[in-house]
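This structure is in structure tokens; I'll ask about it shortly.
Chain lettering (A, B, C and D) follows the sequence in which the chains are written, and residue indices restart at 1 in each chain.
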């Protein structure tokens, strides 16, 4: 098993090389004046040109890429154009907040959507099924910022239950977690439902019932574990997306995460900062996916036997 | 040959009849047809020049009334007319961008899942690379490099959704490819491509349909987030996502600015998903009761 | 059991949705809720005043750097301007007074002698000397970000601990005003050298002789400054225990945080929320004329904007009143000048083209464009898109088609810098030195990327700008600027659109705040 | 002669399914009895309602869409339709257990076989988890699988082994009635015999009654005491093994035998039953077999045949055996 894990982690190297090249390429393709963005409107053109030279922006893309990769080999993520600070420390300062928000958001979504999906599947076509599906869809169709601001108005401004923003204490987590989690609920709920529908028609579920296993135990013990595999896939995918995609939620709740940093860096065309974020995201994403695959093995012995 | 065609037609008829009996799916279909019709006949419902783009600052931010069913926006334009016309753009953006990712991602995922081994590894690592690049970066770049227009917006959204489709289709294909009907197709000498597209993919429809219908929702919402940075449809043309994002500043004073385009999106998504679920049930004989 | 759970979940969702809607269902009910909320908020505020009086200030973005030589942005300046001090300061009457400097004297056009105040202490207890000033200005000259501000300085000659001479390489009127810029902060030589010897940077532990000491920075969230007790100047000493700047990117959320009492002040209030703050009995809104001007720049190198008549026609055709309402909710004024009213260097000599579509039509016909034409307009940002939407509708009435192309700010800089645009919408906030406004916007050398996005090239104007920069006679400088404004407005290289008010919202009980027209607010005087 | 003791007594059972394609009358008035310790063969083509009958006994007809519309099933002198769901759970796997057709799909792929067997034991017997696992291992040994393989997963077993596991699972709580739904259909022929053998042995050891569902008359001959022939949701003929094999009465039963190859008379032509099972949503009026019956008369198309007792043990539902119908089965049974 650990051989498999090592193999998967080694696979990260080509991905990182590919990602960094692609991002470098993309960043150089899009027009944008980094030096002017940093210096603002009132700096004279000579100052802008001098800064451009100092940042090495006048070098050809491939030269810059080579420099970057050389530094990366030494574990150096480079220096942000904008702040002139090491990208690593910039990311390290923001990553925990991003992770905390994504983790709890995902937990919230999973804790709600799996039971709802199960209820829907076991009562297919019932009122409960329709209601929970509509709610799940409302979740995905409601823009994050809208829900976020509504929650702030209701629970922060009017009821004073939770702070309107910031990242201090568990209370400040509640509203952003709900906002972020709601968006992922639909996919997980629907996957749970359809996977469950598939599984509860299987012969071994009938076998379990014929053994005298009670309905709830059939569902929770026999069916759920089998139904979880596609659900785990979706959770893994969404978790990856959450790590990088919480931009609007972060903005609404003044959450000091990487999403906002990434978008600001993209806007400023701060290539080292963007690359640093993307590389960190792809490492996280790969680890999450590795976790998902290991979870498969834990859930399904048939898959486990393939990893050996 | 003609016998086979008859058989195919009768299968289509059967699926259609099954769909007809599914009330929720029919509701979805009716809503979608209504939306499509209102998009096609948008000019008849509300004139573009006098209703959609004509400004009247003295009537800005008015709530719903008899004159303006959905109220007016920050330029005093009629929101109802803008939603009707905006539906054209939003529906097209949603459907086309999802088609792009479905076509590209779906094929790649199917090949990866079917062939496995090195093909799988290469395709999926490339997909990982794309997945790792933030969609907003892709969107900004594509639009910045190719220009701000609708096609590029659709392209950007479609490309950023591609890896998701690849992953989901791959997983579904892997689950199906070892089943007996595939073996038997192989036994009678069917080509691999034919097996993938004619034997395997039709049996993977359930997750694909679920993912597609949900993706239309996120595609339409993506146009909203692109609008935040000004990269969506350009003024004065209406589009639901752009209406949502521009209404954000007025959320507390004039909620109808976001409420109605939001509702339009919700209703569309709901209809798409109802129809999607119905289609899935109709296509999948195992789920037939 | 399962059923129960599902009912509970559904119920909870409904309740949350209902409360959400209830909170904003109608103006009357939400108004009621607001005033109740605000009453609580002021309670929270006064509670804070009893304990420690930290002032919470809402800002829209995080700082980029704590090293004054490593940034050139307003928000970072909120931190560095309070940690460090400058040699001079800008007074409310737009004159400069000594800050760390006791006095200065122009020995000739390129030599200025300064005298420092005695016994000024850095936060670490060291005393400020001329060596520190020399070190700071030389360090700044090396900076790619703020070095250009002191490019006129040739060398700093230390006379003794409190006397030094600045030698300039060229005569310049901008020296004193530049020394007021946050980039010209004075640092402690021995401290910075010690820090750098340890392999650390100024970012890690900024230290100066300003009214506040640096406490902490949570990237993306907040930064905190605390009062420096040994501050030398009682007039600008901190009246509160410290400042907490909280980053809240979302406009409405920032206002809400003020309403809930989580914030004491909001800088750069969202114009949509201005009336909400005015109507709230426990909040106050500070307003001022600003040095801001928003304009549509016409690229004079592109047809038909190479024709002065067409440019003037556009000036007659745009309904600025509507733009002020739609873009900034009426929190500003329609504007015809090329520099903000509150700016040093503002003179009322610009031509005012009043809204007159008939006149516009005449001019277009005269120029040979009676049937209109099509052009593009580049812009970045939502507010500018709203302005553009109004202009687009105004011009459509004359048969002119304006295609709006929104883009990212960095893309905007690059593409307008290269002159790809027919027109673009931009804004300018003048700082304390008029040369910093006139030079980038109007001289030939700065056409394009330098800031002159009209690509206006007029040797006459170039000469006037250069003269104003060095002429020691204030009357001549004024004449120069008056002529420039008159010339560019007559050439109609822009369509000036509006000037936005400076808006700062605060708790009503908060006192001692003076709003700055150039957004260089000082917070030391603020207290409950 | 002592009153016969019945393990199960089904009377007038009817089950319908409501589907999007219409109402399916899967079972239409079935009577079945199994004597204690005896084996009843339930024979019929696919779709005749055999599995539905079996699932009715366990009350596992999925509802919706299935619904038991009439009838009683008396198990140990009590009608199972009077039990609560909880009581029913106590019966399943304990009093009545079932072996399913396809061993490949009938075991939960994510649970060890030991756990799956132990689960039944823990549900119905008062033992702790450890004891249950021990007993599961013993049971595995009994069906010929080494006990130390209890920790393995179904995918590590062959088809025959899986069916043995299922048999172990079905018999571990010593049920009174074992329902075997085509237990060997999915297995290789060589394995079939072993599995049947095993079932016979264990059944005798525990004195279990058995309902053997099959379409294979060879298996019936081997293991059954009595036989019921089922067609379109009805029992068309019932009797002892001899009654059915030697005094075949119903044209359908006759057809079933006719479609079997006879090794001794290889020159004799196979006589498959013409036509297909009727569409269950649209059963023909009268005798449901009439469209395929070579002896069909006009009356067969309108009158539903009743059960005619040919002897104490032998009944048949065919108008040819009813007085005054005029239907004749030709020379063979005059």
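As a working rule, contacts are C-beta pairs under 8 Å (C-beta built on N, C-alpha and C of every residue); 3 or more make two chains touch, one makes a residue touch a chain.
Only a predicted model underlies this, so the values are computations on that prediction, with no experimental measurement involved.
Chain centres defined as mean CA positions place A nearest to the mean of all protein CA atoms. Farthest chain from subunit A (centres taken as the mean of C-alpha atoms): D. If you average the Cα atoms of subunit A and of subunit B, the two centres end up 21 Å apart. Note: centroid distance subunit B to subunit C, computed from Cα atoms, is 42 Å. Per-chain CA centroids place subunit A at a distance of 53 Å from subunit D. Separation between the centroids of subunit A and subunit C, computed from CA atoms only, is 35 Å.
Multi-chain contact residues of subunit A (touching two or more other chains) are listed as 30-32, 145, 149-150, 153, 267.
Counting partners per residue, subunit B has 140, 144, 228-229, 245, 248, 251-252 as the residues that reach two or more other chains.
Contact residues of subunit B toward subunit A in the complex are 24, 121, 125-126, 128-138, 140-141, 144-145, 164, 167-168, 171, 206-207, 210, 214, 217-218, 221, 224-225, 228-229, 244-245, 248, 251-252, 258, 262, 265-266, 269-270, 273, 277, 280, 286-287. Subunit A meets subunit C in the complex at residues 30-34, 36-48, 50-51, 54, 82-85, 90, 93-94, 97, 112, 115-116, 118-119, 122, 128, 131-132, 135, 145, 149-160, 163-167, 216, 250-257, 260-261, 264, 267-269.
Those residues of subunit A that touch subunit D in the shared complex are 202-204, 206-215, 222, 225-226, 299-302, 305. On the side of subunit C, the complex with subunit B involves touching residues 24, 27, 30, 251-252, 270, 272-273, 276, 321-322, 325-326, 379-382, 385-386, 388-390, 392-393, 403-408, 411.
Note for the complex: subunit D touches subunit A at residues 58, 60, 85-86, 89-94, 97-98, 100, 102, 105-111, 119-120, 123-124, 153, 155-156, 166, 169.
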